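Lettered A, B and C in written order, each chain numbered from 1.
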């Protein structure tokens, strides 16, 4: 049957994305969790841009108003065996690094306007 | 669901609930069910963006203090029917909790915990290491000293619980404002009189602090000093696999926990004694750390050897709103009418919220005394009545 | 993927022995045997196969030698390898999937949140029935996980001055322009990116194909020249076969190559990671056989996938339209070109098509892809007052690519959605306050913009 697939990993069609919006999931963080877009193996490489553009069209707002959801590491799945070979870096130093390079911290809440 | 707010907040409300996580949404529903009109819930980001949406979704009765056990037991019963009440699946799956330890010195704690839990009517049992293999055949039991298993515990999916409550709240006339921040609180004498938000002011006699990691900051606005600290915890999901793990496995000797989600992903984390405890919301840092991935991987492969060939997909962090005794802070404070706490859940808010909200709503609206609320009020710290639960993990 | 030898290995696909040319990936080897359906999507059971050819899209996941969720596009064939689809023998019979796929709204969005929430016995039955059909791979075989354990500790590169991620056109320029010691990373064996490999393949074909397409020749000269300068520059160290698989703020990179993971920290990071192929919005846009130009370059030029005689269609616009068509021509495929337009920069297309024997259909709009035995067979276009149906074993969608945004986001870059530049791009020209700067297609540049005269 003909389908226009939005998210291949989670098998979500464009029509489904629009239906979810019509059900009242109107911002990307809840839309993604309800429909599944960008939550699969590829974590949005295949669909996040398309989903965000679709949302800007549904909400009738400029694309720039739709912000990225939190992209988390790793960007591709890595085996636990490989990770286990890493020497765990120190923690507090990591978090307290305030080098000039760190810059202003972006709020970690999918800051969508 | 919850439309993005189009205009200002209402000018008055019978209650303002601060926090759009499970606590805030549950209490708004419970208050509305008992007849309170004109309730406003304020959420500064999106529903579940705080601790609720980041947690592992565990729901367990296996605690070591009576209040925690009794509250948790009510919670399990509550979760058993919650999906039917809310009309949305919570994916509450009672696969059981398998709590293990490699430390022989903890065996006595396990045994007496089981005894207390059984006295409270919880069906937990003490297990020898090799009995664990019947529950999790791939578990590495070679270094285990003993275990505890409760078949009625389980996991649920935080976001669907949040959405279920949000829809129920809307149907009951509650107004939920996302992307709306609480700026300040006004009091008149010894009463709450209103709040100022990023979308206008609301006069109200009732303010409920469900702000989780920001509860302390909110309390300070009304001159209340909470002893809560915010503890950073990190968690991950693996790739998706066909069902292979029924219970949640949790180790009280090294702090690792993992379970399999409804999507087939392994979901788990590990405690890190080096994690910071913050007081100031401005310090919060929930960015992912490589240290967690490396530590978790080592501990996971040790407990569950097939994980060596499985893949970590995504890691994130959240905050536990931690009190000195790891038990929530419920109820009001003397000298300030109309202000209530529903916070300090120290990493088990998701599992206790439905029941805590029910009790709190009844208590607030009827003034009826509630033993559990009384024993979990803020002044217990001043009274020195601190009993720390030994089974805090993650 | 290494270059091909004439050696053959035998793999076992669902029990059947298949001779494969050594050096191909499992996915490419199966393609050459006409097996293009490598998996089925888990809700509608739709056929899926090679799409990105770089291990990023996960449509080619198979169970290989007892390991689940393996990217068959990245895994070389080996003698005696056991390869299986993961949904073979799954709970949902293929017929049921077909019914669900055909039934349109049989499974509306969110059904698993909304259906059968009451009464309690139905709820329990529903959730109990749902659980067995969730999940993708099965647990790895014991041989796999016990072999994976242990191993040498991961390498730590320490703190570096400058790391440039991506050795394509923009990355090479960034490395050449950077002061001081610079580490240049790329997952391919040589500098120049996917396009250089494709251009080399086109050049390797006799009959002056490259000479007939001057814009391609110009890009090739530039890429070669930059690659040569890089090899001569002592302060630039090139690490090939390395992917950046994670970034941890503010400056830590997680790297992966054949031997495992490594970490590096850098005072300055340049993200030249390029862009992701965009397949487009049309019916059945998920069929195996549909891909973007980057995937084509990797499969045909780098992996050496045989496409002689294949009926191919190249749609879209821009530099990749030209290069994809030229590459397909060079490997002996039959080329049909469907450019968005034949005006402006695309004005030379009709003459080139005539010269090179490419069928040309300009100004059509792709509406639907259809399959035979699961994989792409035809494309249906609208326009010119009717419907045009083109046969296609492989179709290359050369649409506006999507700047790769994940690593720069993790490094703290401030990104904004800009459809004119293809996706999430840096808000300001120079992202201040973070360690990363973003260049090239990753910043929304088009490949044409990267083609300037070779610097002597």
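Criterion: a contact is a pair of C-beta atoms (placed from the backbone, for glycine too) under 8 Å apart; a residue touches a chain by one contact, two chains touch by 3 or more.
These numbers come from a predicted model, not from an experiment.
Here the chain pair with the top count of touching C-beta pairs is A-C.
Of all the chains, the one whose CA centre sits at the greatest distance from that of chain C is B. The chain occupying the central position, as judged from C-alpha centroids, is A. Rounded to whole angstrom units, the spacing between the C-alpha centres of chain B and chain C is 41. Averaging C-alpha coordinates per chain places the centre of chain A 24 Å away from that of chain B. Inter-chain spacing, taken between the CA centroids of chain A and chain C, is 19 Å. For chain C, the set of residues that touch two or more other chains comprises 69, 113, 136, 145, 148-149, 246, 248-249, 252, 254, 263. For chain A, residues that reach two or more other chains under the stated contact definition are 23, 34, 40-41, 43, 72-74, 77-79, 81-84, 86-87, 89, 94, 105. Residue positions of chain B touching 2 or more other chains: 163, 239-240, 263, 287-290, 301, 307-311. For chain A in complex with chain C, the residues that touch the partner chain are 1-5, 8-12, 14, 16-17, 19-20, 23, 34-35, 40-46, 48-50, 52-53, 56, 63-64, 66-68, 71-79, 81-87, 89, 94, 97, 99-106.
The residues of chain A lying in touch with chain B in their complex are 23-27, 29-30, 33-34, 39-41, 43, 59, 70, 72-74, 77-84, 86-92, 94-95, 105, 107-113. Put simply, chain C touches chain B in their complex at residues 67-69, 112-114, 117-120, 123, 127, 130-132, 134-142, 144-146, 148-149, 246, 248-249, 252, 254, 263.
Only residues 1-4, 45-47, 49, 159, 163, 178-179, 232, 238-240, 263, 272, 274-276, 284-291, 293-298, 300-301, 307-316 of chain B touch chain A when the two sit together in their complex. Chain C meets chain A in the complex at residues 41-44, 46, 48, 51, 55-59, 61, 69, 101-104, 108-110, 113, 136, 145, 148-149, 151-154, 156, 243-252, 254, 256, 260-261, 263, 267, 276, 278, 281-286, 368, 402, 404-407, 409-410, 412, 414-419, 422-424, 432-435.
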